Amino acid sequence: MIIEPSDQTNVSLTTETTKPKQQKIKIHRLNAMKVVLGVLAGLTLLSFMTMDRGSVSLIKATSEFLVNLKYMFLQPKVSVNLLQGLSNSLLLTLGLSILTTFIGVFFGFIFAVLSATNLLDRRYTLIARSVMAFIRAVPTILWVLVFSIVCGLGINAAVLGLSLHSIAYLGKAYSDSIEALGTDRLESFKASGVGFWATVCQGVIPSIKPALISWSFIRLEINFANAVAIGAAAGAGGIGYQLFVSSAFDFDFHEVGTIVYLILITAIILEIIAVQIRKQFIDTTQR
Amino acid sequence: MLEIKHLNKTYKAGRPALKDINVSIGKGQFVVILGPSGAGKTTLLRSINQLITSDSGEIDFEDQNLRVLNKQQLRQKRQRIGMIFQNYNLVERLTVIENVLHGRLGQKNLWQGMFGVFSQTEKQEALRLLQEVDLQGFELKNCSDLSGGQKQRVGIARALMQHPQIILCDEPVASLDPASSVMVLDLLKKLTVEKGITCIVNLHQVDLALDYADQIIGIKAGAVQINEPKSQVDKAMLQALYDKES
Amino acid sequence: MKSLENGLNYQDLQTQLRQKRHKQFWTLLVVGGSYLALSWLLHFSNTIGIWAIPKSFSWLFINFVPHAQTMQTLPDILSKLLATIGLAISSAFIAAIFAIGLVSFCAPVMPHYLGVKRVVRLIASFLRNIPLVAWSMLLLFTFKQNDLTGFLALFLMSLGFLLRAFLEIMEDESSQIAEALQVTGAGGLVILCRGVLPTVMPQFVSWILYMIENNIRDATLVGILTGTGIGFVFDSYFKSLRYDLAGITVLCIIVVVIALENISAQLRRVIA
């Protein structure tokens, strides 16, 4: 890092006014990181000062919150009927996340190829990149709401919204992996006259297979969380919707506890699978 | 000044790494430990300041056996034993002078240590030491911006900041180019002559060892094979040390 | 002799290629089959889905276009947007402070770090995998409809994510620096503050920046659920069919997210 002149101005400011013998020796340096942290701290303070805290008493709210947490986690409702209904919803949500991950992987890869600068001219990659950046910038829930206008609230809108975001996310992740390959390795294919999609299938896919698999499973984890969220916020069904109903309408925190446990267990299993798969490929995925 | 008696060490799974080591080292000596790779040089050096706990024996330094000290006492003693590393082990994100001042952390109380509060005299001393290792003007650079030779000299300044009686050096020049290596070893040699600090240096270059050492310790398969003043060491002994057969 | 060897290799190659093709065929079949099965089970209609995309986008570009009246409401939207950005930053920052505190006990220089690490890992997994929806609803119930609720939901989520990320960074960071300070006679806490934390901090900051980006997106969801911030603004316009206003709100979100993405990419380059 370059030493900027402003860094050292502090040294002499105080010294000229005091005794020259007691010159203060500077040992720290202002660097970009400290500035960033300082700015973030300032913004946090500012946000706290302007935050609308409502009129609830913090102590009362916190203690009530803890009591509800206790209902949730220590006294979840267990009944066969409830569990049967919930497990169906859970399967629906899980299926939704797997289905949208499939779609995301397939189209995401196509977008990744179209936006990899070591495969295509920058003119084309820029378009694919911009489209993906646009899609990623809109939160998944908003996409689901938009699609719900055309196909109505329900599974179709949920699949489309989740898929669209997955495509953009995986497209970026994959294309980063493709670009990490560099140009040299693909040049031999070009030199021997191999066509574009043949290069992709024979040269690119085998080389980035570990990254492809790791990213896909990471996305599966994210999709599960998102599927729960849109189920609740867009009324798209599944266990998320059940969670929303029992917490926003029934205020039954014992039941919420059961639902949260089910989601938690599923999410942790997915996470363990993803971690194991990443571990298996760990030395090949490191760039 | 440093006496190692009947020192033994066996890692969890494996052959003994140190077998009945007996060595005596005098004040202000430049001691070079030689030996093929895997002989146990690193293990011996790190056993001295208890970075590795040995199995049995004695390490006597300033009338105390370092092996039996409690945590507090050990930390006190460690302040008197500097160490420099092959990979420098500096806090790269901090400035040169902060790294030098780290040599004082052992003497600080908890709060001063945690927040890096150093006195004016300490800072002045750090500046002086940086001059001594020929790094004046670099105080406020980040360590990550230095070359390998410069980093190692910061490492030496940090060790000196501890006011050590001994400096332990594990392959201090293994990652350096020849010119920087000579500079670093010259510096260490000067410390032994001018300040009477004992330097114990692991090296794998025999020619450098012969240039600088006062005393040479040869280790092979965990046992001391040579332990002589340099004048007593000849080619045949060194050849036997590195010979795979015997 | 040589030709015989070549012949063998050639045959080997043939079988290998055939096996590979078989494997590819079956993989495709399984993936394709499960895709269709899942679509059928979930009642997802592929034809409706495919048609919905162009329809939705054309609907989007017709209805989400702002007109003159829209601009009058813009200051209102912007102020909510700013508040939401503030929430995203403050929740990530405060979560980072807590995460650093907890992770500090998991540095190898600290006593009993293995036991503590297991506990912290558990907390992280717990916080992260409990759905944001659950946190939001639970907090809404007691803290009511205000920014604090959004802040706390984002905070709990960020804490889970940052804990895991920081733990991994701590693990990867070699113990060399700790060793170097150990030989000066320094104790665990001092080594942590002077050696370990300064070394890992740049990576931590990079994660904080990522968390802020992510929180902006999540804030929309939390907002819809808890009726706060920009999410609430969008939701109420959308539901009251004021699509021009909903459109401008989305546009604002897009601009902020993309801007943040680019700013943090730049900052990461400077910090690293």
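Order of writing sets the labels: A, B and C. Residues in every chain begin at 1.
Everything below uses one rule, namely that a contact is a pair of C-beta atoms (placed from the backbone, for glycine too) under 8 Å apart; a residue touches a chain by one contact, two chains touch by 3 or more.
Small disclaimer: the values here were computed from a predicted structure and weren't measured.
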*More C-beta contacts across A-C or across A-B?*
A-C
*Would you kindly say which chain has the C-alpha centre located farthest from the C-alpha centre of chain A?*
B
_Averaging over Cα atoms per chain, report the distance between chain B and chain C in Å._
46
_As a quick test, compute the distance in whole Å between the mean CA positions of chain A and chain C._
3
_Report the inter-centroid distance (CA atoms only) between chain A and chain B in whole Å._
47
*Where in chain A do residues touch two or more other chains at once?*
31
_Which positions in chain C are in touch with at least two other chains?_
201-202
*chain B: which residues touch two or more other chains?*
116
_chain A partner contacts - residues on chain C that touch it in the complex_ = 31, 34-35, 38-39, 41-45, 48-49, 52-53, 55-56, 59-60, 83, 86-87, 89-90, 93-94, 125-126, 129-134, 137-148, 151, 201-202, 205, 208-209, 217-218, 220-221, 224-225, 234, 238, 250, 253-254, 257-258, 261, 267, 270-271
*Can you check the complex and tell me which residues of chain B touch chain A?*
95, 97-98, 101, 116, 118, 120, 123-124, 126-127, 139-142, 144-145
*Hey, which residues of chain A end up touching chain B in the complex?*
1, 3, 7-8, 22, 24-29, 31
*Spell out the part of chain A that touches chain C in their complex, as residue ranges.*
31-33, 36-37, 40-41, 43-44, 46-48, 50-54, 56, 61-62, 64-65, 68-69, 72, 92, 95-96, 98-99, 102, 133-134, 136-142, 145-147, 149-151, 155-157, 159-160, 225, 228-229, 232-233, 240, 243-244, 247-248, 251, 253, 256, 259-260, 263-264, 267-268, 271
_Which stretch or stretches of chain C touch chain B in the complex?_
176-177, 179-187, 189-191, 193-195, 198-199, 201-202
